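Input: structures, listed below.
Common to both upcoming complexes is chain A, partnered first by chain B, then by chain C.
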Partner chain A sequence: MGKLYNEKLQLFRDNVSMKHTDRIPYLSNAFTWKVFDSEFSLPEAVRDSAKMEKAVCGFHERYHFDAYMDIGARNPVRVLDALGSSYYEITDAGLNVVDHVLMEPEEYTEYAKNPDLFGWTKLMKRKFPDVKGKHIEAALMEFLGHANFTGQIGKKFVEEYECPSVYGGANVVIPPYEYFFQTTRGIRNMGRDARKYKEQLIEAINAQLEKNVLPGLKYALSQDSSMYVCDTYMAIIGYGILSEKQFGEIYWPTVKTVLDLLDKADKTMYVFCEGEMLRYADYFQDIPKGRVVLHVENDDIFEVRKRLPGLCLAGGMKVELLGNGTPQECVDYAKKLIDELGDGYIFSENKMLSFKNDCKRENLLAVREFVRDYRR
Partner chain B sequence: MDMMEALKNFKAAMGELGEEDVFTEEGWQKCVDALQFMPPEARAGFLSQFVLVATQM
Partner chain C sequence: MVDLTRLMDAVGELEEDEAREILRQVMEEGGAQANEAMEACQKGMDIVGERFESGEYFVGDLIYAGEIMQESVEILKDAIVSGEGGAKGRVLICTVKDDLHDIGKNIVKAILEASGFDVVDLGIDTPPEKIVETVQKEQLKIVLLSGVLTLAVDSMKAVVDQLREAGLDDVKVLIGGAPVNEDACRRTGADAWARNPQDTVRFCQAWV
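Up next is the complex of A and B:
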């Protein structure tokens, strides 16, 4: 790693540890907006890795952020194309994944017995009823191609641009509840399942934790991850439909298990809290100082700081302002964030920049320049 | 075995499944076994990741 890489990495890690730094690091939370800021259309870039690379590298060369949540690798669209069926909706305005249902609540118990086999023989068969061996071969080749693209562009960002990766690709934790929320039962059903099928849901969550989550996490924690901003990463999304009590019974125990393992291994985690997390903040209060970065999306980040003063926060820069405000309004708000949040803060957009109107180039350039030069 | 050779073997093994319904217990095992370009202990995890992406997106 080069000198600049190490300087940036130290800057991030010092903030994770709640230490005072001379400037605040800027972690770009731009996802598909990078393509809208380029010469390419979204539908063409997500299917052409050369165009995606050009869009992503052009983005870095324009703004020079310290690090990136995404470098164009988030959407393996061609894998789904090879299988002939996808939940993606990709237009010139943005990309969505359609909510979907692939299993019935009566099947939680069967899932718990063998998650991998259930996924293959039931979920895959339901989603791709006409797929044969030759399609799997083609899709696996695309999957490998996507992994190769991710590796290549990741290497370029580390070696050429000297941007630290936020986390290693193998160090991602998917909370078991999120798996059912995002993959098999859909948003509406998960609210009902938490009431009507609570025991079965918890049984399946525990099976997913034991059989799929913990083995991967334990392996990740045994590896050297000192080259990343955080040792592990987790995004939480589906918790917002649960009451505080349901969160405590269904969701939090698995997260607590993960956090306890992190603590034991003296490792850190970047947690992206989509939606609003403040009403569950009490659960986060016992997390040791410096263990977790909490990236908040729709919450009032100043209120989160008051409630959770021991955690490094990320986010805060409102996408609504970047998309609709003036450069001066954006810079004024950026200053307020840095001044008021104090030590232990990673500057970033609150939401993922995903849609065409999420941001204006002149606003992002102005904010980038301010954050780079502002000293506290 | 080099990567190209392993990939060739993978394609040959998967080719045998050409028109078969692969979404069976036996099909899972054949796919795992075909992933010769990966260490044996990593193959099931890799296929599991593939299933996650395929069913989520």
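Up next is the complex of A and C:
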């Protein structure tokens, strides 16, 4: 890691610790928009690593952000293609993740008894019903290809571009509720489950925490993560359908366990709060300063700052402005964000830049230039 | 004879099994109480709406309530007799082009139906041309457009533009979903935007 890499890393870490810095770091939250900003179409780039690499590297060489949430490796489309999965729906307009229901609520108790056994013997069969040995072999080859691409481009960003990653791929924590919400029960069923099968759901959530999440977290915390902005990463999404009472009963206890462990190990976490988190802001008030970065999406970030003055915030730059405003309007708003949010702020787009009209190149260039030079 | 207050409370309390049991009893008894049972379900949905507005219920509960309501209609449909005047009004609803999300749309649809509206549902990923064609064919005056992705706002604008180009200036358009706000409403040229299903129903009631 070169001098520039370490300077960027320190810049992020000082903001995580709420220290004043001579400029605010810019973390790019661009995902598939990087492809829309290139010469390639999305369907071709997600299945061709050479084109994806060209799109992602071209993106960096155009904007020179301080760090990236994604460097083109997030969606291993070809691996799932090989398994015959319909997990992704990819068109010229964008990439959607298709909601799947892989288990019934009556199965929560069985899941709780042995999550691994249930996963391998039931969930895998239901997710990939037509898989034969040849498909697994093909998927393994694709997986190796994807891992090779991820390693190569990751190395390029570290060594050539001197850009730190926000977190290591092995250090991702998936809250137990999210596991069921995103992968096994489907979004529409979780509302019913929270009412009708609450006890069984909590039983399964606790089993998932004990048998999968905590062992993974403990391993992650034991590893050297000094090359990343944060030691761990967690995205919270499914809380958006729960009432405050349900959040307190079903969701928060497991997140609190994770955060307590993190605190005990003196490590940090980048938390991407999809949707609106302000309703639950009180729960985050006890998190020690410097422990967590909260990336807020749809909330008014200025209001979040008032409610949680001791936490580093990220996000804020409105995608709707980047996609529809003028360069000057975007720069004015960027200035407001930096001026009003003060120390402990990582500049970033509020939402993932995913679709063609999420952003205009001239707006992003203007904002990038402004953020790089402001405060200096 | 079933206890309609019990049915109303069961729907309001999201007691799916109890509501289903009462509705089946209505049908087993010949369906004479079907219309009153439907009204009780609608009153139950009003309770759901009140609890949503007070914060006791949230989105997951609305999804659940919508599914209870859909099942209720399914159980009672063969015995429901359309009264004089029929529905309160007819509306078109859909998720716009390039957006595949339908949970929000389905919640709004269920609550509109519970409020007495006849809803024409075009599903997800709906091209503007299909919306315009349906509006003309069915002579609809209210169009509700839903979307979750940021790109949905552009698709909503395309619908409004095509409706106006087709001379359908008297058709009211309301937009809703995660990327929708006052600014999106202005950009698309829609007549209104709604933050939640209750607001949508209020606009529709005002427009019929």
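In the analysis below, the second predicted complex is superposed on the first by the 375 of 376 C-alpha atoms of A that agree within 3 Å, B and C clash if a C-alpha of one lies under 4 Å from a C-alpha of the other, contacts with A are read in each partner's own complex, and residues count from 1 in each chain.
Convention: a residue touches a chain if its C-beta (ideal position, glycine included) is under 8 Å from a C-beta of that chain, and two chains touch if they have at least 3 such contacts.
As the structure is a computational prediction, the values presented were derived from the model and not from experiment.
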Touching partner for A:P76 - first (chain B), second (chain C), both, neither: first
Contacts of A:K113 with chain B and chain C, given as first, second, both or neither: neither
Touched partner set for A:R361, first chain B, second chain C, both or neither: neither
Partner chain(s) touched by A:G94 [first = chain B, second = chain C, both, neither]: second
Touched partner set for A:G133, first chain B, second chain C, both or neither: first
Contacts of A:R195 with chain B and chain C, given as first, second, both or neither: second
Contact footprint of chain B on chain A as seen in their complex: 75-77, 79-80, 83, 86-88, 97, 102, 116-117, 119-121, 123-125, 127-128, 131-134, 136-137, 139-141, 143, 174, 179, 182-184, 212, 216
Contact footprint of chain A on chain B as seen in their complex: 10-11, 14-25, 27-28, 31, 35, 44-45, 47-48, 50-57
In the complex with chain A, residue positions of chain C that touch it: 14, 16, 55-64, 67, 98, 100, 103, 106, 149-151, 153-154, 178-179, 183-184, 187
Residues of chain A that touch chain C when the two form their complex: 89, 91, 93-94, 96, 98, 187-188, 190-192, 194-196, 240-246, 275, 298, 319-320, 323-324, 351, 354-358
